[in-house]
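Read through the structure below, which is laid out as structure tokens, and then see the notes.
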Amino acid sequence: MNQPPSAAPSRARRLAEMTSQEARESAEAGDIVLVPAGALEQHGPAMPLGTDTIRAEAVCEDLGRRRPGDVVIGPVLPVGVSPHHLAMAGTLTLTTSTFTALVREIALGLRRQGWRKILVVTGHGGNNAALTTVAQDLLAVDRDLEFAWSPLTSLAGDVVREAGVSEIHGHCGEAETSQMLHVAPELVREHLLEAGVTTMADLDPTSALARSFSQPTLTRPYDQLSSNGVLGDPRRATAELGERILARIIERLDAFVERWSRL
Amino acid sequence: MNQPPSAAPSRARRLAEMTSQEARESAEAGDIVLVPAGALEQHGPAMPLGTDTIRAEAVCEDLGRRRPGDVVIGPVLPVGVSPHHLAMAGTLTLTTSTFTALVREIALGLRRQGWRKILVVTGHGGNNAALTTVAQDLLAVDRDLEFAWSPLTSLAGDVVREAGVSEIHGHCGEAETSQMLHVAPELVREHLLEAGVTTMADLDPTSALARSFSQPTLTRPYDQLSSNGVLGDPRRATAELGERILARIIERLDAFVERWSRL
Amino acid sequence: MNQPPSAAPSRARRLAEMTSQEARESAEAGDIVLVPAGALEQHGPAMPLGTDTIRAEAVCEDLGRRRPGDVVIGPVLPVGVSPHHLAMAGTLTLTTSTFTALVREIALGLRRQGWRKILVVTGHGGNNAALTTVAQDLLAVDRDLEFAWSPLTSLAGDVVREAGVSEIHGHCGEAETSQMLHVAPELVREHLLEAGVTTMADLDPTSALARSFSQPTLTRPYDQLSSNGVLGDPRRATAELGERILARIIERLDAFVERWSRL
Amino acid sequence: MNQPPSAAPSRARRLAEMTSQEARESAEAGDIVLVPAGALEQHGPAMPLGTDTIRAEAVCEDLGRRRPGDVVIGPVLPVGVSPHHLAMAGTLTLTTSTFTALVREIALGLRRQGWRKILVVTGHGGNNAALTTVAQDLLAVDRDLEFAWSPLTSLAGDVVREAGVSEIHGHCGEAETSQMLHVAPELVREHLLEAGVTTMADLDPTSALARSFSQPTLTRPYDQLSSNGVLGDPRRATAELGERILARIIERLDAFVERWSRL
Amino acid sequence: MNQPPSAAPSRARRLAEMTSQEARESAEAGDIVLVPAGALEQHGPAMPLGTDTIRAEAVCEDLGRRRPGDVVIGPVLPVGVSPHHLAMAGTLTLTTSTFTALVREIALGLRRQGWRKILVVTGHGGNNAALTTVAQDLLAVDRDLEFAWSPLTSLAGDVVREAGVSEIHGHCGEAETSQMLHVAPELVREHLLEAGVTTMADLDPTSALARSFSQPTLTRPYDQLSSNGVLGDPRRATAELGERILARIIERLDAFVERWSRL
Amino acid sequence: MNQPPSAAPSRARRLAEMTSQEARESAEAGDIVLVPAGALEQHGPAMPLGTDTIRAEAVCEDLGRRRPGDVVIGPVLPVGVSPHHLAMAGTLTLTTSTFTALVREIALGLRRQGWRKILVVTGHGGNNAALTTVAQDLLAVDRDLEFAWSPLTSLAGDVVREAGVSEIHGHCGEAETSQMLHVAPELVREHLLEAGVTTMADLDPTSALARSFSQPTLTRPYDQLSSNGVLGDPRRATAELGERILARIIERLDAFVERWSRL
């Protein structure tokens, strides 16, 4: 992805690649454990089911290379909370109770082995609420565990707004597709890119209501929002925009990690 | 609270006050069921534990009076998700799994009896994520059930910003206290109102980090944020501001309900 | 309801109306927390769905006014265990596992905040068994927590028997309707009061078997017991009988609380 | 136990002893399945841990011999809900959630295989509430399943009262010990029989409160009720009284089963 | 079953027959608790549903008589994990989560009362995996609890092989039927014994695949394996073979228990 | 790893890399979904925590390349059931209930999207029992779903035996280390390879008992088996042996898949 600074290692550190002794040292050193979380869900006609996981892993890899002394990458969560995409082929979902049990046991397990700071980086917005409930429940269990989570694209809201996107924009849209064109261009079937719903006028009345109000929140199945599962016009996506979005995401996460790792 | 229009009934309709036959008719008429959700948690030295429930009920009551033909008030949820306040006296919390089971069973129960549209109005932001997970899981169970939820104060973000609040502002702060001075002034011990944390500089380093970034999200126990449980300066609260905030909340909810009830 | 003694306050103390500091003092003083539990279920053609909650709250309010130094009213449980009424409109139910999780978390939460004595007052007999299982499980968790629960009408069995009721009598019958005529007459549609099943001869054979034996216990759906959901003849109900029943209930609870609060 | 009528078989029918084909025929014939439920818990200095299971099995065996054409004995539940005895050696308990899951799965499993009528006969009163919650939850799942349960000793309340028992009487007392002297005298260590708590005056104040009121219900650990785990004076127990108690229990169950099997 | 050595008692010790004080002494003496586990499931045209439980109990009884100073028999588990037999009449099953909760609570309950060594003896292979998961989860909870489990027939694999069995052999086959002819001949309907599937050639293709590979493991419903629920030819079973199989099982268990009881 | 046949693609197909439409076609074509399952647990002084996942992924990748028309690789499970390694640094575990919920939801999710054949390939033996319980429970839910699972090393038992290994051999021993030297030599710290427990005589008495009997099964924490977490002598491992072991594993899985894909 982004060019790492010259002193950076060629590859981020991963728990799965450490020995037991190295893991002990990482915990004792106060390392932050990054947990990349994604989804296995429809991403329109042109992008792969694992789009969210791929982006989350790419961001964690970049961050891990930049801060080899501060962060280590933990287990990847390849299936997330995706019931809104179930009507479209290939989508898997976990119930929120299984997803939260999974994250909670990983978090408490890391804590048991000595780590104290965990950052789940989720490429899939459908995981946000469940991650928040994990954070809440952990407060009642272990006050010394610091459990944080972050989405991706919304960290770069300014870059996206500046670039200009469709009135209706989101899943598989300009911003997400651009990121994929930067991190995994070989997985984007560019000839299949096609616009999805791009204006309020395209939506059925209930979906239009849901999209007109950020609050109240009325969750809609995606097949009722868009017949091809796309919100926005991914034909306008570019690798260059993806690079800028990801640079901003990394910059924000890096700033957070930089302060956190000193506490 | 707000003056209802002259034709409005003196009291909103409530499921608990309906007969079985009236409930059947309400469901058949396509009524929206409002479920007020709150919390029983510390609200600083001057406000009552039930502050969030009281505000949610007041808003639902007002909305119910305005739209007697469209909405009916369902069961009130007096305890919410409040683990971040547990270190302070009087706070109760449900685990997120029990809170979501409760909301889910109420939602599916209403659906079984014929209602199709449910709007949980939560006075407590700690319930937001759990409500979202309920909405997500319901998508996989019953696509015809429309389950929405809304917070309160953030619906009136413009009014609050215009009024001007402390750098650090939120729980028990100017906006929340103002609402209580409007809807339940007799429950605000005005002589006990005192400022809590109001600036970044007051926070311990980890809390400052958490507050400096909206994302990543790092949830903190409130006793580590503020020794008296207050964020902001409630001495600046006024009933008049509360009235304006609530008027804006009602206006937004009313606009949502107005469109939804026609679908 | 009943006239409180002259020194009594005009309103019982409620956790929801206390500040955090007042809650701490209540717990330190050894207050008993009353938890009113009800149901949202069919109550025949003339009474509201919330009949059981309304009666439970009225009793707790009265008890709270009588013993302001000993008891405080906690969160109200507006939905109970009502699967036997599901076939009739408006009825909601919780599974017993969700109802017990809810009560258990409230009880352990109160204990965590320092209270040691909890009395759930249930207006709905369908909650009795689940409340007992909560009490049992808590014994294995915290021996110092004293968790009690009480039904309503059966505390006044002598008054009811003396008044004379139908052979088959119970849900929505003379005793329950009388209580509602005393505590919430405006919610009883008196012109819609009609007799339900009143004699063994009215029952289908399986229901007759179930009613002929108090043990073995064979639970029946209410729509199979009575086509209008009523057991007994509520036309014979009077506010005066309701007043006497409630006076006896309060007297018994008051005697229990009086002894308990001294321990 | 009691002398079966001359035409009765020497042994009740048991599911565990039937072939698959015989089970099919039993289900098709509409047989009632008896499920004996007990406990494994302290029964004072002289009686065995399995006292409740032994009595439940004896009663089911007798009933099964009397009504070979109507009932069949299903799986025995040897561990019940006994948290109130945990402080005394040898006691095992299930949580109420595991006990109810067990009973529920057995009931729904029998239903799946074609039986429609189930009668759990519990020798242990601690199981009563959990059995009731199973019955309630099943109503929402399968209206055609008829799930009944019965305790033992309280079916013979008249015989016990007539015989005269201690003021405080119950667990391991005159009635229970008498039953054991009739059904399993070899398991009663008669030389170790000793009185437990027999009068209100023997109880600590909280236990006295709990025993003075049948309602509210305040559940107490048994080691706080009685230092030897006995309520009543088992030295007054006789096999002859046990025979009469059991005869009455059987008579009542037989009357129930007789009517039920014709429906 | 086998002739016990002359000094052996006529009956194994059982928790259910011990007093509380005897249970305390057993725990203090470090006794091993045997938990017989079985199933209630189809066993072909000639054998009873409880075949697995009956064999497990017989083995425990024998072992208990041989080692009266070392082992005591705990609660019997009469229903196991049998979803593969559900399509055939009379079969009950527990979900694996309920079965494991049951075993876990019994194990932790025994531990709480002072026992430290538990041996579940399962007559039903369908329980093996669930017992292993219990053992695994207990490792994270109590490292001093030693939880072991054993199947039956596979302990005597050498005897079975030597005797010669069908190419396809297992459930209700030569080895299992022989055991029943030894321990409970009165429950084997010998005139109904008939061969089931005995060769690979009899199997449908998917079942043949499943049987051709011990690994990967592809679990098949038994009604797809064999129309009468039998694998093997039970007409070749003999009580004498059963006696030898059981002698070998007991010998192996005895050797294990002998070493374990000295640790 | 092994050299794929010349016509094989350079990379196996993965669900995460497919579009929604390609996933639909894969399901319609009857593809077998491979789910690689591993662990994140101590692997001695020289091998990485992710050893089991790495081997499972390598095997699935190889199989996927060999049979591009028959199999597709699904989500990877990077954390398994490892409570026996918890005392050693870096080990994470899931409870068996969370691990089984995860696998079950993935399996039922694949089924919902049209796949019918699932093969979990686990590099970690600690997952075996939990996978079996998933297979069992699924039988009661969906008879048309064919859920299989396979371990790795035991598929090549003949190769391992032939090569000769220590008396005590297993975790991190000759066979496992050899596999890693073949598939991921860069992750084996060869200079840190050291023997663990290699003979019965090295074991503490309880562990010796556990290892002397394959049945009964007595599960031991690994820190009690071996102070460095190694069973066997990995210094004797060679990449060449690893290649042969993996070739045999692939051969066996390939034979299974070849037959299965034609059904």
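Order of writing sets the chain letters: A, B, C, D, E and F. Residues in each chain are counted from 1.
Heads up, the rule we're going with is that a residue touches a chain if its C-beta (ideal position, glycine included) is under 8 Å from a C-beta of that chain, and two chains touch if they have at least 3 such contacts.
Chain labels with UniProt names: A, B, C, D, E, F = Creatininase family protein.
As the structure is a computational prediction, the values presented were derived from the model and not from experiment.
Residue numbering shows that chain D (Creatininase family protein) and chain E (Creatininase family protein) use the same positions for more than half of their mutual interface.
A repeat of the A-B interface exists among B-C, E-F or D-E. It is E-F, with more than half of its contact pairs matching by residue number.
Distance between chain A (Creatininase family protein) and chain D (Creatininase family protein), defined via averaged C-alpha coordinates, is recorded as 57 Å. Note: centroid distance chain C (Creatininase family protein) to chain D (Creatininase family protein), computed from Cα atoms, is 29 Å. Averaged C-alpha coordinates give centres for chain D (Creatininase family protein) and chain F (Creatininase family protein) that are 49 Å from one another.
Touching of two or more other chains is recorded for residues 86, 93, 95, 97 of chain C (Creatininase family protein).
Viewed as a network of touching protein chains, the structure reduces to one closed ring of chains, two contacts apiece.
Round the ring, the chains follow in the order A, F, E, D, C, B when counting starts at chain A (Creatininase family protein) and proceeds to chain F (Creatininase family protein). Contacts from chain A (Creatininase family protein) toward chain F (Creatininase family protein) in the complex involve residues 14-24, 27, 40, 42-50, 53-54, 74-76, 78-79, 86, 88-95, 97-98, 101-102, 105-106, 109-110, 112-114, 187, 189, 192, 229. Those residues of chain D (Creatininase family protein) lying in contact with chain C (Creatininase family protein) across their complex are 81, 83-84, 86, 93, 95-97, 100, 119, 126, 128-130, 132-133, 135-137, 139-140, 143, 146-151, 154-155, 205-206, 209, 212-213, 215-219, 221, 252-253, 255-256, 259-260, 263.
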